[in-house]
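Letters A, B, C, D, E and F mark the chains in the order given here, with residues in each chain numbered from 1 onward.
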Amino acid sequence: MGYSKNLGAGLFAMLLLAPAVLASDPDPLQDFCVADLNGKAVSVNGHPCKPLLEAGVDFLFSSKLAKAGNTSTPNGSAVTELDVAEWPGTNTLGVSMNRVDFAPGGTNPPHIHPRGTEIGMVMKGELLVAGETFLIPRGLMHFQFNVGKTDAYMVVSFNSQNPGIVFVPLTLFGSNPPIPTPVLTKALRVEAGVVELLKSKFAGGS
Amino acid sequence: MGYSKNLGAGLFAMLLLAPAVLASDPDPLQDFCVADLNGKAVSVNGHPCKPLLEAGVDFLFSSKLAKAGNTSTPNGSAVTELDVAEWPGTNTLGVSMNRVDFAPGGTNPPHIHPRGTEIGMVMKGELLVAGETFLIPRGLMHFQFNVGKTDAYMVVSFNSQNPGIVFVPLTLFGSNPPIPTPVLTKALRVEAGVVELLKSKFAGGS
Amino acid sequence: MGYSKNLGAGLFAMLLLAPAVLASDPDPLQDFCVADLNGKAVSVNGHPCKPLLEAGVDFLFSSKLAKAGNTSTPNGSAVTELDVAEWPGTNTLGVSMNRVDFAPGGTNPPHIHPRGTEIGMVMKGELLVAGETFLIPRGLMHFQFNVGKTDAYMVVSFNSQNPGIVFVPLTLFGSNPPIPTPVLTKALRVEAGVVELLKSKFAGGS
Amino acid sequence: MGYSKNLGAGLFAMLLLAPAVLASDPDPLQDFCVADLNGKAVSVNGHPCKPLLEAGVDFLFSSKLAKAGNTSTPNGSAVTELDVAEWPGTNTLGVSMNRVDFAPGGTNPPHIHPRGTEIGMVMKGELLVAGETFLIPRGLMHFQFNVGKTDAYMVVSFNSQNPGIVFVPLTLFGSNPPIPTPVLTKALRVEAGVVELLKSKFAGGS
Amino acid sequence: MGYSKNLGAGLFAMLLLAPAVLASDPDPLQDFCVADLNGKAVSVNGHPCKPLLEAGVDFLFSSKLAKAGNTSTPNGSAVTELDVAEWPGTNTLGVSMNRVDFAPGGTNPPHIHPRGTEIGMVMKGELLVAGETFLIPRGLMHFQFNVGKTDAYMVVSFNSQNPGIVFVPLTLFGSNPPIPTPVLTKALRVEAGVVELLKSKFAGGS
Amino acid sequence: MGYSKNLGAGLFAMLLLAPAVLASDPDPLQDFCVADLNGKAVSVNGHPCKPLLEAGVDFLFSSKLAKAGNTSTPNGSAVTELDVAEWPGTNTLGVSMNRVDFAPGGTNPPHIHPRGTEIGMVMKGELLVAGETFLIPRGLMHFQFNVGKTDAYMVVSFNSQNPGIVFVPLTLFGSNPPIPTPVLTKALRVEAGVVELLKSKFAGGS
């Protein structure tokens, strides 16, 4: 059944783009379990723990969100992530944090955080929801848009060590193997040409 | 801040289309808590329980999946849901079931079940993944496509009483108020005309 | 269907004796964690994860439920399981699926699934609850009985990767070392001879 | 204590037949939610909360386990339960406690606690597992037997406010409507007469 | 037993000071369940839901953290909380947020958040952990101290809608009825005079 | 930032004294996962599992609580713990048990069990709450005091395999590096001399 294998590969590819949405983190069974991100460590649900004495004291701190990201991107925005891959100390603690910087007119395109509910605060500038704290329930498709004339940034937190991010357009049009065009023409209610145009924008899957 | 109120309304509208993705169901604290779907009942997380003696014995059974749905739809498919709204007995039990029928060439367009992982089996016909059982992790964007010459149907189960369904194209292009066109042109990397075309297909939000 | 109503009432009665057991698997912390069932792997709660690149794409699919099991058994039934031991891809996903085939008069003897709530559908034939979908809360003692003249089968799903199965008569009478006969005579309110007769049927513990 | 080792092996053997059921109550969202057991209160998952000022201070205490139960019963044992129905203060706290008294030769017949793992300590006398603390995973079929010449009692705790209890013989033979005799003859591998004898002992369902 | 009643009252008083530590929030079973904080609503675990149409769109937003709190306090700090009591939209979403302002030399005294792990970022000034993001696991006793010459503030988030706060000195010395002095002299290894001095500072329980 | 490193060390030290409070234990995915406490085993959330055949049958039993602890201590009390470190069989089962013995006038000083709700029973003597069972929600600061003229003991259980214990005075005054005196003078509303006196009692951190 090469066909279903292809689909398998397709799902597989989508999964790399679209982490599965999988609920709230399990509770820890010790004070700390600092992630051992070493590829040679056995892989378990989440990450195994580094010996605490090797973890040092910095696992409780990070400075990665102190400086702005580079917003010279197609979207005019930059996401700086502090999930468990960036901050091993969050392993088993069920929290993480991101900083998102925006150039004027910049946008964080429609996306979903499949494993975490987001609570955030705009720290500078005028975003939609500017000057307010906001809630984005896990899995809600959402976006941000800098409607001001200056740079802006926000800091958001999640109730997961690994909330994940699914960029919706990339998943729809950039999966490899692709979602079959007949499926997308029916789904988008347009002709094949429009679907092919959209797919061409995401050729290479990024 | 009328603008952010508008966005509020926009998020609100999307939420009606896109149930938030919210983790695995909590555990029950009694044998059964048959949902009282009566609007006058107090609303709690999930549903309050009907008095068991009023619940009758049928709450353990349903026949709604016994007959095929009507596939004369734009997508050539029909989803028959047995979630808590259709089967009150599932309240607090953390499971539900759907039947999906497909005409030849029919598709179940790209969608996400935000609150449940799906495990399914193709019962008749030749779908992608035809003749096999399959897994769709919660929140994974997926679709089905009847690649055979005959009608087909599958039965799928979820590990949630209310897995929800987010139809991705409808959420992107049919939200009301809409996702601003400048956001979508950046996100889709196309000109405003293409975005407006796509939006026109989902005018009315359905 | 007075008969299934009776069963409904029967389940209802049993439920008053047997509060359902209702739990759920812990949530995953990554997209997939395909079970490494290799005995040499470290053992953890559940299973460690295979490197995703070694997992292949088939971990999302299985064909094991496509064909009927052999019902030439003492019970006239055959259970084909697709739990994590049979389908490594279910590891951390909190779902699994079984197919049960029945010869005419065949029965699936009283049993309990201790780690999963069951939702099922009769696909062929006339079982008790024939032609309907049904719910069996985790830990409820239940059985199936083919009351029709033809073969029958059902497909059931669970909200656990490893729901387990406790065959009640085997546990009562076939444990080794045995439950002491004085305990069983008191418990069953019969003479030792009846207990010894029952034990003799399960000598060898299977 | 070869005997208790044997029982250990026995439990071990049973466990291979009977995977433990292991869950936990949902977490509370306030300090206390003292159960309002008044039938007129709305029914929810668990129990609604009494206004704290009406709950008094005694909800934190109980004296019900201070005195022995009456062991003049068919089984020569008496279970005194302190679950949420007896101790409203346990509502949402995920714990409860039982005291079980035994006359010489008394037994607590094979049973399952479907919603709670049991941890217990023999306080007086010589039970199987006498003089030791013991663990009974949720859903494991187990029993106790007073093998000493004096009264005995134990105190057990559960990680649930409502662990429930399933008396296995009563469920097998005393359900109403009954499990059909043809099902039990197949399941027990005996003739209908033996099944009818056993059912006759539990006529009236208690 | 007036004495234990007194203790009951004592525990009761401490509970008002010291919300019990109770694990991660249960998962929601709908998109939103905006807290109905109206005293006349039935009380359940967490809060019942307002009808969504009465909730308005603002439940997704708050401006309460936009302005600094008044740090003219004994501790030279001010905590502005956005938990479910302040932001009903967080009900069932498992997140909340605080802003803490500090005068130079100001401190947030040793405390515990019993129901939530804290992840925070110093936004202005030089606190211990200044300029860094930091993690405070649920239940860890911690404090903050403004070691700079200017005002400072931080924004912290929690993985609970109601993390609670236990001010340790107030609970030790300000409970009513008090923790008996003989207990505190043993516990603190000092003479009764020192204990009485400390208690005198918290007379009135605040 | 040596200063924040110091604080890091301080938090680190406190954590060794004060296990973080981290919610209810996750659910197991097998019958037993007897803790392999061997330092060479990979470390995961909780403990990896010993091969069941190497676990022996004793993992279900313990006799450690059968004899009284030695109450010749500064507090006149002795805690005998049976958590996962003492009883590997509790790994993944979500329960544990302690025995606490008291000399006349003995006290178990103010403390918190950060990971488990406690349910207990006074077995001998006259403690506050003497002769009663009692509930201590996770994270509630509490103490016991032998108000009788004889030895006393109680047995308590927890809904966690590793409830942890935070002795409050030791954490406040014995952390290393210490909580800065200016923080404690503000927090306790006393002069530095009193703080230094209290710290001197816990020099050496025990």
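In this text, a contact is a pair of C-beta atoms (placed from the backbone, for glycine too) under 8 Å apart; a residue touches a chain by one contact, two chains touch by 3 or more.
For each chain, UniProt lists the protein as follows: A, B, C, D, E, F = Germin-like protein.
It should be emphasised that the depicted structure is a prediction, and the values quoted were computed from it without experimental measurement.
Trainee: So which chains count as neighbours of both subunit B (Germin-like protein) and subunit C (Germin-like protein)?
Mentor: Of all the chains present, those in contact with both subunit B (Germin-like protein) and subunit C (Germin-like protein) are A, D.
Trainee: Between D-F and A-C, name the chain pair that shares the greater number of C-beta pairs in contact.
Mentor: Top pair by contacting C-beta pairs is D-F.
Trainee: Which whole number of Å gives the spacing of the CA centres of subunit A (Germin-like protein) and subunit E (Germin-like protein)?
Mentor: 30
Trainee: So how far apart, in whole Å, are subunit D (Germin-like protein) and subunit E (Germin-like protein) when each is placed at the average of its C-alpha atoms?
Mentor: Taking the average C-alpha coordinate of subunit D (Germin-like protein) and of subunit E (Germin-like protein), the gap between them is 38 Å.
Trainee: Can you compute the centre-to-centre distance for subunit C (Germin-like protein) and subunit D (Germin-like protein), using the mean CA position of each chain? Integer Å is fine.
Mentor: Taking the average C-alpha coordinate of subunit C (Germin-like protein) and of subunit D (Germin-like protein), the gap between them is 23 Å.
Trainee: Between subunit A (Germin-like protein) and subunit D (Germin-like protein), what's the gap in Å when you average each chain's C-alpha atoms?
Mentor: Each chain's C-alpha centroid was found; their separation is 46 Å.
Trainee: Spell out, as numbers or ranges, the residues of subunit F (Germin-like protein) touching 2 or more other chains.
Mentor: In subunit F (Germin-like protein), residues 4, 11, 15, 19-20, 22-28, 30-31, 42, 44-46, 92, 115, 117, 129, 131-132, 137 touch at least two other chains, as defined above.
Trainee: Have a look at which chains touch which and call the overall pattern line, ring, star, complete or other.
Mentor: other
Trainee: In the complex formed with subunit C (Germin-like protein), which residues of subunit F (Germin-like protein) make contact?
Mentor: Of all residues in subunit F (Germin-like protein), those touching subunit C (Germin-like protein) are 26-31, 33, 41-42, 44-46, 48-51, 92.
Trainee: What residues on subunit F (Germin-like protein) touch subunit D (Germin-like protein), complex-wise?
Mentor: These residues of subunit F (Germin-like protein) touch subunit D (Germin-like protein): 23-25, 27-28, 30-32, 57-58, 60-66, 82, 87, 89-90, 92-97, 117-119, 121, 123, 129, 131-135, 137, 155, 157-159.
Trainee: List the residues on subunit D (Germin-like protein) that touch subunit C (Germin-like protein) in their complex, please.
Mentor: Counting only subunit D (Germin-like protein), the residues touching subunit C (Germin-like protein) are 6-7, 9-10, 13-14, 17-24, 74-76, 105, 107, 109-110, 112, 114-115, 138-139, 141, 143, 145, 162, 164-180, 182-184, 186-190, 194, 197-198, 201-202, 205.
Trainee: Of all residues in subunit B (Germin-like protein), which touch subunit E (Germin-like protein) in the complex?
Mentor: Checking each residue of subunit B (Germin-like protein) against subunit E (Germin-like protein) gives 4-5, 8-9, 11-12, 15, 19-20, 22-26, 42-47, 84, 161-162, 164.
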